[in-house]
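The following pair of complexes shares a single chain, chain A, combined with chain B in the former and chain C in the latter.
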Partner chain A sequence: MYPRPLAPDARMQRGVYMTIVAVILVLWLLPLIAVIATSFRSVEDILAGNYWGWPKSFAIGENYIDVFTETAMWRYILNSLIIALPTVLGVLVLSTFTGFVLSKFRFPGATLIFALFVGGNFLPHQIMMIPVRDLMVRVELYNTYFALIVFHVAFQTGFATLFMRNFIAALPGELFEAARSEGASQFQVLWHVVIPLVRPALAALAILTFTFVWNDYFWSIVLTQSDAVKPVTAGLANLKGEWMSAWNLIAAGTIIVAIPPVVMFFLMQKHFIAGLTLGAVKG
Partner chain B sequence: MNRSISEIAGSLPKSVELQAVAKNYGTHSVLKGIDLAIDRGEFVVMVGPSGCGKSTLLKSIAGLATLTSGRILINGRDVTHQEPGDRGIAMVFQSYALYPHMTVAENMGFGLRMVKRPRAEIDVAVERAARILRITDQLDKLPRQLSGGQRQRVAIGRAITRSPEVFLFDEPLSNLDASLRTQMRVELSGLHAELGSTMIYVTHDQVEAMTMASRIVILNSGLIEQVGAPLELYANPRNLFVAGFLGAPRMNFFQATVDAVAADTVILQVVGAEKTISFPAVDTGSLSVGETLTVGIRPEHLAPLDAPMPGRVDLPATVRLVEHLGRETILYADASPLTTIGSESGTGTFTVQVNAVVSYYHGAPIRIGFAPSSAYLFARDGRTLSPRRTAGSGGSLT
Partner chain C sequence: MSFWIRNRGWATPALLLAPGALLFGVVIIASTVQSLWISLHQWDGMGPKVWVGFDNYRELFADRQFYTALRNNVIWLATFLLAPPLGLAIALLVNQSIKGMRLAKSLFFVPLVLSPAMVGVIYTWFYDPTYGLLALIFRAFGMEAPAILSNEHLVTLGVVIAALWPQITFCMVLFLAGLNNLDEEIIGAGRVDGAKGWPMLRHVVLPQLSQVAFLALAVSVIGALRSFDVVSVMTQGGPFGSSSVLAYLMYEQSIFSYRFGYGAAIATILFLIMIVFIVWYLWRMLRAEALEA
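Up next, the complex of A and B:
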C-alpha cells in the first residue's frame, strides 16, 4: 500500500519529507495567516504599509471589540443565521423526500425529474442573476430574508437530491421489502427506516449546505440591500466603504465569520466522516 | 398426522392458492403459469436451479412483486392486488433484513407498531416469540452485536410476532456456515411443528428441501416440474430434470438405443459399450427400435463388483478418484468410450457411492454393477419410462 511509511532510521529522508510538508503547509495557509496577522495589527501599522512584518503593536482586543461595537456585525451575523438555518432545514426535508422517491419508486418521468435536479447544478449562477432579482422584486420578496431563503432552498435542493438519492439507493433493498411486508406505509418506511439510516448523510448535507449559504456573497449582494437583512458576507464588504482602510477590522470580522462553519464541522465531524463512508460499510 | 390435517383442510379454503400465476419482466417471462394449492399447516419447499423463478414466486405471494397475470388466494381471499402488509404473510429474508438502528425487541415489534397495536400487546407478542426462539436475553442488543445465527433467529422472531397465516422464507439459511445451517434446519422443523402454520420455503439447497418439506415443489425456468413428498420425488421423478436435480451425488446418466421393445420391457444397446441390457419399462408403445433413450442410475445403486454376479449387469471401468467421507466412499470410475451426460466429474465418468470404506489405486480396473430394476429410463422428451416404485425403498441393490 502507498504511501509507505518512512523507516524511522532514514533520517535524511525524514528531514526532507518534514521540510516539504512544512513549506507546503505554510504556502497553503499563507492567506489565512495574513488575515489573522492583519486582524492583530493596529491602524498605524497598516497605514505604515507593514502588511507582512511583525506587528509593531498588537491591537487584538481593540480590533475584535471594535468590529462589534463600531459596525452592525451582530445584526449581520443574526441575519446570516436567520437565512442559513431555515435554508438548511428546508433543503434537508425536501431532498429527503425527493431522494427517497427518486431512488425507490419507478414512475414515468422519474429520470427526467432527476435530470432536472442534477442539471440545475450546472447552470452558471451569473446568468440567473438578473431574472432571479427581477422575480424577487415582482413577488415582493426582494430585500427580505425570504428572498435568500427561497432561492437557496430551491437551488441547494438540486445537489442535495442527488446526494440523498444516492445514499438512499445504497441502502439494502430487502430492508424496504421487509418494512413493506410488515405493513408499514411509505411514510412510515421513510420515517422509521430511511431517516435513521441516512442520518450521517443528513449531517454531512447540513454542513455542506450551511457552509455554502453562510459563505455566499454573490446572492447576498444581488438579493439584499439594507443592513437589516444583509447577511454577514455582504455586511463585511460594507466595512470597506465605511472604514476606508480599516483592514484590521475587516480581517477581524472575516475571522469571526469563518468560525461558525468550522465549529459546525467539528461538531458534526463524527457524522460527516461516517457519511462519506456510509456506502462502503452498509449492513 | 399429515393425512388427518389434509383431510380436515379439505373442507376449509386452501391456505395458499396460486392460479395461473405469471410474471414477465419486459419480454422476459420469469413465471410461466404456476398452479399450486397449499393446505393449512403444510411446509412447502420450492427448489430449483438459479433463475428458475422460485424467489420471484415467493415475492409474488408476499406482494413484493406484482403479477403479469393470474391470481393468488390466501385463506380463500383474493390478495392479488393487496398490499404486502394486508395479506397475512410474514417474510424472512436471506440477508435477514434487520433494521440496523433498532434493538432486537424493536425489530421484532416493528410490524405491530406500524399497524398501531397497543404497547402491551406488542410486548407480549415479542416476549412470546423471543421465548420460542430462546433469544430473551438478546432483546436489548442491536443486530450488529449478534452472530449470524442469532440474527437469523431475530428475523424469524420478527415473523412470528406478527402471527401470520403464512410464513415465507427466502433462502434463510444460505448465509450461515454448514454446522449452524444443520442446527437451524432442525430448529425450523421444530418451529413448524410447534406453530402449525403454513410455511413456504425457497432454497437451492436440496438437503434443506429433502429434510424439511412436507411437499417439495421443483421449479425449472418458470414452470413447476413436479410436486410431491420428498421421498416420493426421489423415488419417482417424473422426468429427467427432477431425477438429475434431486440427489447428491447426482444421478448418473448415459445414453442407450432401443434394440427391442416389449409391453413391459425394453432392451437397450448402451452407446459406447458392447452391451445390451433389458430394463423394465412402462408406456413402451411410443418407443421405436433405434431410438436413443437416457438411462439414469443413482450413485447408491451402483456398486463395484469383483466378479460378474447374477441379476446384475456390469460395465468395465477404471478408477479415477476415490473420496473417503468416513462412513462412505465415493468412487469416480471412468467407463469411456461410454459417455455419461452432465456428470459432475466429466464425460464417461460414473459416480459410485459405497456405504463402506473401500480403497482402490488410481487406474485400477473394476466392474461397476447395478440391477436394471434400480435404473431409470427417460424418453427423448425427458419423461420417465420406468415403472413406479415404492417411495423409500427405491429398488436398492440389496
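Up next, the complex of A and C:
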C-alpha cells in the first residue's frame, strides 16, 4: 500500500492523523455545511438577518415542509422520476445489446461505431442543442417528458455502450465457446449467458445513469418550459431566481434535490465507483 | 432454409446494434453535423434559413464578448489542471485503513454526486457578501468580504472554484481506485531499496498510475471546456458578460436573442477546440486496447 500504512499499534499517531483528516473534511464540505445549517433556520432568524448566530427558535423541518407546500417541488420531483426511470430502463436495454455486439463480433466499421459512441459523449452539449430542440419542436415533443427521455436515452447510450462493452469483453471466453459448441444461437448466447452475468454491471449502470439524468440541468432548460414537466434542477434554479432573499427555503430545496443521488451513492458506493473508474483501472 | 437461418450470422448482431446506434446516430451525431451546417446560415429558429457563408464567423471574430468568453474558457482550463494533483493529494491523505476512514472517504466523495446546478446554488450562498459563510469568515479576521459574483475581476475565478470542487472529487475517486490496484511487489521492492516520500511517489507509484492520471487529465480538460451549468446558475455570464464562457454565450445568443445561426457558429468553434482533445483521448484509449489484445 502507498502511502505506507500507519502501524496498527501506534494509537496516538492514528488518532492525530484521523483528527487532521476530520478537520480537512470539514473545510472541504464547508459550503455544503453552510447550506445545511441555513436550511434549518427559522423565518424569524432570517428576517432579523441572524444567519449564523444562536437561533431564536429552532425550525427543524419547517423550511422543508414549506418547500413542499409553497412551491411546485413535488411536481418537480415527480417530473424528474418520470423522466429518469424510463431513461434508465431504455439505456440498460440498448447498451446491453450494443455492448454485446461491439465486444463479441468483429466486423468492418466496428471500431468507428465504438469511437463515435465514446467520442459523442465528450462533445459539448451546445453543438447538439439547436437541431435537437428543433427536432423536438417539429415532432411536437418539445416541453414534454418524451423530449428529455428520448434525448437522455440517446446520449447516455454512448457512455453505457462503453461500459457494457468493456464488462462483457472481460467475461470468461470459455462460457461463450461452451454455449457455441452446444449449438446455441447468438440470441440464445445473449439471453442465457450474457444477461445473467451482467447483472452487477447493470446495477452499477442503472445508478450512474439515474444520477446523470437526475442531475442534468442544461437539457432541462432547453427542452422544457412549464412547471408541469420541468425536472428538479431547473425547478430549483427557478426558485433561486424568484426567492432571492428566502435562502432558508432555497437551502432546504437544494438539500432535497441532493438527497436521492447522495443516498443512492451511499447505498451502492462500490458499484458507483466501479462504474466511474471503468476502463482506467483493472481488477 | 429460410432467409433467417441463412443470414443469422450477421442478422442477429445487426438487429441488436441497430436501435442504439440509430438513436445515437440521429440524435447525437447527426445533430452535431447539422449544427455545423446551421452555422453558415442566418436563422431565427422558425422562419427559413438564409445562407450567409462565413458571415457568422466574421462577426464572431470581431465580437469582444466572444474573446471574453474564450479567455474565460482558457482560465477554466488552466484552473482545472489543478484538479488531478489536488485529487491525488486527497487520495493519498485518505488511503489509510484507520477506524472511521471509510466514512470520511464517503463524505469526501459527496460533491461528486451533487448536480452541478446545485453546486452553483451552494457556492452562491457561500459567497454571499452580506450573509454568506465566507463573509462571516472574513469578518472573523477583521476584513470585509469581496462581493465575488458581482466583481468582474473575481467572478470567473469564483465560479471556477465552485466547479473545481466536484472535479477534484472525481480525480480523487480515480486516483484512489488506482492506489488500490498498485503492484505490491514493486512497492515492496522500492521500500527495500530505501525509497520513500517524494522519490517513491515520483518513480515507483506515479508510473503505475499513468492510466488513471491520463483519464483524470482528460475528463478535467473536457469538463473545463464544456462548463455551462455552474455559470448559468451562479452568474448567467454576468456581470456584463464578464464570466461568460463559449457554452453559455452560445445558449444566450440562441435562446434569448433568437440568433440560431450565430449560436451554432459559437458552438462550432467550441466543438473544433474540443474535438482535438476528444480525438487525443480516443486515440490513446484505442491504442491502449490494441496493445493489450
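The criterion applied here is as follows: the second predicted complex is superposed on the first by the 236 of 283 C-alpha atoms of A that agree within 3 Å, B and C clash if a C-alpha of one lies under 4 Å from a C-alpha of the other, contacts with A are read in each partner's own complex, and residues count from 1 in each chain.
We take it that contacts are C-beta pairs under 8 Å (C-beta built on N, C-alpha and C of every residue); 3 or more make two chains touch, one makes a residue touch a chain.
Values in this document were obtained by computation on a predicted structure and should not be read as measured data.
Aligning the two structures on chain A places chain B and chain C side by side, free of any clash. Once chain A of one complex is fitted onto chain A of the other, the partner contacts of A:Ser181 are limited to chain B, with no touch recorded for chain C.
More chain A residues lie in contact with C than with the other chain of the pair chain B and chain C.
Of the two partner chains placed by superposition, only chain C is touched by A:Met128; chain B is not.
Once the two complexes are overlaid on the shared chain, A:Val150 sits against chain C while remaining clear of chain B. Once the two complexes are overlaid on the shared chain, A:Ile65 sits clear of chain B and of chain C alike. The angle formed at chain A by the C-alpha centres of chain B and chain C is 90 degrees to the nearest 10. When both complexes are overlaid on chain A, the residue A:Pro196 reaches chain B alone and has no touch with chain C. Once both structures are fitted on chain A, no C-alpha atom of chain B lies closer than 10 Å to one of chain C.
Shared contact residues of chain A with chain B and chain C: 185, 283. Looking at the complex, you find that chain A touches chain C at residues 1-6, 14, 17-18, 21-22, 24-25, 28-32, 34-35, 38, 49, 51-52, 94-95, 97-98, 100-102, 105, 107, 111, 113, 115-120, 122-132, 134-135, 150-151, 153-155, 157-158, 161, 185-187, 190, 211, 214-218, 221-222, 233-234, 236-237, 240, 247, 250-251, 254, 257-258, 261-262, 264-266, 269, 272-273, 276-277, 279-283. Against chain B, the residues of chain A that register as touching in their complex are 172, 174-175, 177-185, 188, 192-193, 196-197, 283.
Residue ranges of chain C in contact with chain A, taken from their complex: 8, 10, 12-13, 16-17, 19-21, 23-32, 34-35, 38, 45, 90, 92-101, 104, 106-118, 120-126, 128, 131-133, 136, 162, 165, 170, 173-174, 176-182, 184, 187, 191, 196, 200-201, 204-205, 211-212, 214-215, 222, 225-226, 228-229, 232-233, 246-247, 250-251, 254-255, 260, 263-264, 266-268, 270-271, 274, 277-279, 281-282, 285-286.
For chain B in complex with chain A, the residues that touch the partner chain are 59, 62-64, 83-86, 89-91, 93-95, 97, 99-101, 110-111, 114-115, 158, 162.
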